[in-house]
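Listed next: structures, encoded as structure tokens.
Each of the next two complexes has subunit A plus one other chain: subunit B in the first, subunit C in the second.
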Partner chain A sequence: MPGVRLEKVSKRFGEVRTLRDIDLEIADGSFTVLVGPSGCGKTTTLRLVAGLETVSSGRILIGERDVTALEPRERNVAMVFQNYALYPHMTVYDNIAFGLRAKRMDEAEIRRRILDVAAMLGLGDLLARRPGELSGGQQQRVAIGRAIVREPNLFLFDEPLSNLDAKLRIGMRTELLKLHRELGTTTIYVTHDQEEAMTMGDRIVVMEAGEIRQTGTPREIYFRPADLMVARFVGSPPMNIFEGRLEGGAFEGAGLRLPLPGIGSFAGRVLLGVRPEDIHLAGTLEPERASAPFSARVEVIELLGARAIVTFALEGAEIKAVVEERQLDTLREDTDASLVLDHHRLHLFDAESGERV
Partner chain B sequence: MTVPLLRRRLYLALQTGVVGLALLTVLFPFFWIFLTSLKPPDLVARPDVWTFLPSAANWREVFLESDVPRYIANSLLVGVVTVAIALLVGFPAAYSFSRYGTGGGLARFAVLAAEMVPPAVLIVPLFLVMYRLALTNTLVAVIAAHLTFVVPVVTWFLIGFVDEVPRELEEQAMVDGYTRGQAILRVVLPAVRPGIAAAGIFGFVLSWNDMFYALILTGGASKTLPVAIAGYWTFRGIEMGKMAVAILLAVVPVLVASFFVQKHLVKGLGGGAVKM
Partner chain C sequence: MAVEAEANGMAIPASRWGLRYRLLLPLTLTLGAVLLYPLLFSFWVSLHRYQLTRLQDVRFAGLRNYLKLFEDPAFWNAILNTLTFVFGAVTLELVLGFALALLLHRLPRFRHLARAMLLTPMFVTPIAVGLMFRFLLNQQLGVLPWLLEGLGIRIDWFGPGMALFSIILIDVWQWTPFMLLLLLAGLESLPKAPFEAARIDGASAWMTFTRVTLPLMKPVLLVAIVIRGLDAFKVFEYIYAITRGGPGGSTETILFYIYKVGFRFFRMGEAAAMAYVLVAVTLALVTLLYLLMTREGRRRS
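Coming up: the complex of A and B.
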């Protein structure tokens, strides 16, 4: 299976620059997720790879082949759109057969392939129906079936799960991953949902304003965000950010003074990022990881089940922490609690550039 | 009986009354024309006579002893050819307006400008052109004239229908291995079939009903049905009975056709205006 390479790809729509000099390497057989807020250029990137838009400058390669100037039909890619784009006037069978017929494949072979795919996706009973008679989840399967039946070089998914309800969405995620493991086809998957990106991608590309902010594995993106934008975008509840200064190896700000061992000689204005799960009740963290304790007022406790999201007030600012349910006994709303931060898990960003320090 | 219920019934009665009145206003003339078509020759000119022995004389004369069947064929031919050309031109135009925003939002509406021009403005140049080409008194001239108002309407209709076909359908077809042209033919065209039917029928009705252009551009054997209807107004008086038959022949097909596509007609009339 070939990989994909984008070299200095830019896209302008009239005066608007949607993508600026994107360089991206997508490995053979990988499941790469493009994620970012709306308007970040992720869908445009996908459409450029599909050939549905033409680049303003730069090159796109699929495998060793330069496809920059090729029509979509010449690229041997398959795409699944957010609205599934099923042909309303055709049965499920004909929808799936449509791409094969373009290749003038023998009808007996088409039939064999469709029955295979239908068995894989549980579409057997639906082949004679029309899209209008299917549920959202079934339409989704047909769209996926139509993509895999062609045995393309590359799968492109444009927010394929966002029209499904939450429960179905989580089920489909697993199915898509299984399918990917089975077929091994290189996949590019676009979503605005950071959780979907984290759970599905073996590589994540975080984009914003037409640029790539960070490329990495889900762990890298989550535990070593390259800048403030990535740090804020990934994770739920989002990372807590404190404004302050670094001086003499300690962070000062938001009413806190936290000595940070091993921070080195950097000094100046910084933003301190702490994920909600890295804020602990004093005494619950191994002492060598814990920062100096500080006190904050408990405002709201939202129980999720095994865990709760607790909102604390600190110097007028809000911080959110994820706390184990069994530790909640010690907390009362409107009382003070003593907290520590896990200093192995702190993130420091330059206040000017937003980049990781 | 409670007060709200009473009020609701009163409202319903009022509603029924108003709709009934409207229906009566529209349908009564047809009823009267139908009666006239069945009147024996000596009573035709007596609108005040309501009871008489029905006679088939007018129907027989129109069908068997006049050229009306030929004029019907002329009207049919003009309508069908006009609509066929209009669809052939209008669909690509509508696609272009819808997908590429050709000419900007103004052009989209300017399509209808031809519809605003009074026919009297167009007829003089049209007549001169046809005269030069020696095409007066031919159906070609009528078709050319009808295209001036059928093409814009058909285009306008189809813009709305094409707008409703998601772009992704064509894009999917293009990724699936087809050219844009194939994608349009195999995916967009089938998806707008109801629109094409509605636009076609509406265009046909416009052509079928036109008298002005046909009256000026045709004569003799190339007459269309509306011109023939007017022809019953002779220097010896109005041949009311036969005229009534011809009128019914002109109106009934239109009513039947409109009934079948009325849902799409409403959508088509407003369709092109939804999006700028």
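Coming up: the complex of A and C.
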């Protein structure tokens, strides 16, 4: 299975620059997720790889082959669209057969392949139906079937699950991952949902405003966000950000003064990022990890089950923490609580550039 | 009580029915007077010996007017001419219009300008178009025959064997833009996604056209054919302005023949009978077309 390489790829629509000088390497057989807020250029990137759009400048390679100027059909890629893009006037069978017939494949071979794919996706009973008679989830399966039956070099998914309801979506995630493991085909998957990106990708590419902000494994993205945008975008509830200054090895701001061991010599205005699960009640964290305690007022407790999201007020700012259910006894709304931060899990960003410090 | 409620603008249910009918009345009366009455009256006429020159002697004739038609070679000639005209004109307009629509669909920059320019023939009244072409194609005076003669081509546009074809060309000139407009609007309203899927699936342009564009356009094509077909059945102005049915009845269409029998020979009974046959033929053709176009869809569902 070939990988994909984008070299200095830019895309302009008239005056609007949707992508600027994207460099991206996608390894053979990987499941790479492009994620970002709407308008960040992730779908455009996918459509450029598919060949539905042409680059304004730069090169796209699939394997070692330069496909920049090639039509989609010469690239041997398969794509699953957000709205499924099935042929409304054809049966499920004909929908799946379309790409094979375009290759003038023998009808008996087409039939064999379709029956295989239908069995894999549980579409056996639906082959004679039309897309209009199927549910959203079934249509999605047909779209996936149409993609895998061609045995392409590359799968492209454009927000394939966003039109499904929450429960179905989570089920389909697992199925897509299983499918990927089974087929081993290089996959590029676009989503705006950071949680979907985290759970599905073995590599994540975070994009914003036509640029790549960070590329990495889900763990790298989550635990070492390269800049403030990535830090804020990934994680739910989102990372808490404190404005302040770094001076003499300590963070000062939001009414806090936190000595940060091992921070080095950097000084100046910074933003301190703390994920909600890295804020602990004082005394619940091993002492060598815990920062100096500070007090904050409990505002709202939202119980999710085993955990709760607790909103604290601190110097007029709000901070959110994830607290274990069994620790909730000590907390009461409208009273003060003593909190510590996990030293090992703090993120510092330059206040000017937003870069990680 | 009811009057009071209505005066307040809040009619109670019982009187609302009365109000409904009263609101319907003006339109019902108008339509009755200008549509239903002529329709029924002409049917009545078609069952009588009804000659404008002998109105004192109107007699019930049963189906005699209808039966007479079947032995009238001029009637059959007119039917055949009409069918030839409708089939020829609508087919040419459909093919040309669709081809142009597909072309313009691909050229978004030219679309608006071309659309405006191509629409102009539609705004000319058909009788004027008829007169225009009568002179343009005239053997002695016309500019087109003169130009063609320069190339050594001599065509008698309104001569025997050629006249009906010329009339078809005139209709094509005037009404292809209508097809174009309708089909272009249809193309523009098609969902984009299946076409992108077809590109990804590797379909050639021809396969995309036959397997995706055509089936998706089917409802629009049907409407276009029915509208133009029905309209073409009514062709009259070109004939009236140019050939008056000649030479030798070769361009005599059904409507022109009805006009001739009714208003030149004053045999209203026969003319009315023909008009009803025309309605029946038209209805039959539209139904047939509809069944043909939807057969596949119904069989599968």
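The criterion applied here is as follows: the second predicted complex is superposed on the first by the 357 of 357 C-alpha atoms of A that agree within 3 Å, B and C clash if a C-alpha of one lies under 4 Å from a C-alpha of the other, contacts with A are read in each partner's own complex, and residues count from 1 in each chain.
Simple rule for what comes next: a residue touches a chain if its C-beta (ideal position, glycine included) is under 8 Å from a C-beta of that chain, and two chains touch if they have at least 3 such contacts.
As the structure is a prediction and not an experimental result, all values here were calculated from the model.
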Fit or clash for subunit B plus subunit C once both are placed on subunit A?
clash
Between subunit B (first) and subunit C (second), which does A:F81 come into contact with in this model arrangement: first, second, both, or neither?
both
Once the structures are superposed on A, label A:P72 by its partner contacts, choosing first (subunit B), second (subunit C), both or neither.
both
Quick check for you: in the superposed arrangement, does A:R130 touch first (subunit B), second (subunit C), both or neither?
second
Applying the document's definition of touch, where does A:R111 land relative to subunit B and subunit C: first, second, both, or neither?
neither
Quick one: classify A:L52 as touching subunit B (first), subunit C (second), both or neither.
both
If you stack the two complexes on chain A, which partner ends up touching A:F98: first (subunit B), second (subunit C), both, or neither?
both
Contacts of A:R257 with subunit B and subunit C, given as first, second, both or neither:
neither
Both partners, subunit B and subunit C, contact subunit A at residues 50-52, 71-73, 77-79, 81, 83, 85, 87-89, 98-99, 102-103, 146, 150
In the complex with subunit C, residue positions of subunit A that touch it:
50-52, 71-73, 76-79, 81, 83-91, 98-99, 101-103, 130, 146, 150
Which of the residues in subunit A come into contact with subunit B in the complex?
50-52, 71-73, 75, 77-79, 81-83, 85, 87-89, 98-99, 102-103, 146, 150
Note which residues of subunit C are touching subunit A in the complex, please.
191, 193-194, 196-204, 207, 211-212, 215-216, 218, 300-301
Could you list, by residue number, the parts of subunit B that touch subunit A in their complex?
166, 168-169, 171-179, 182, 187, 190-191, 193
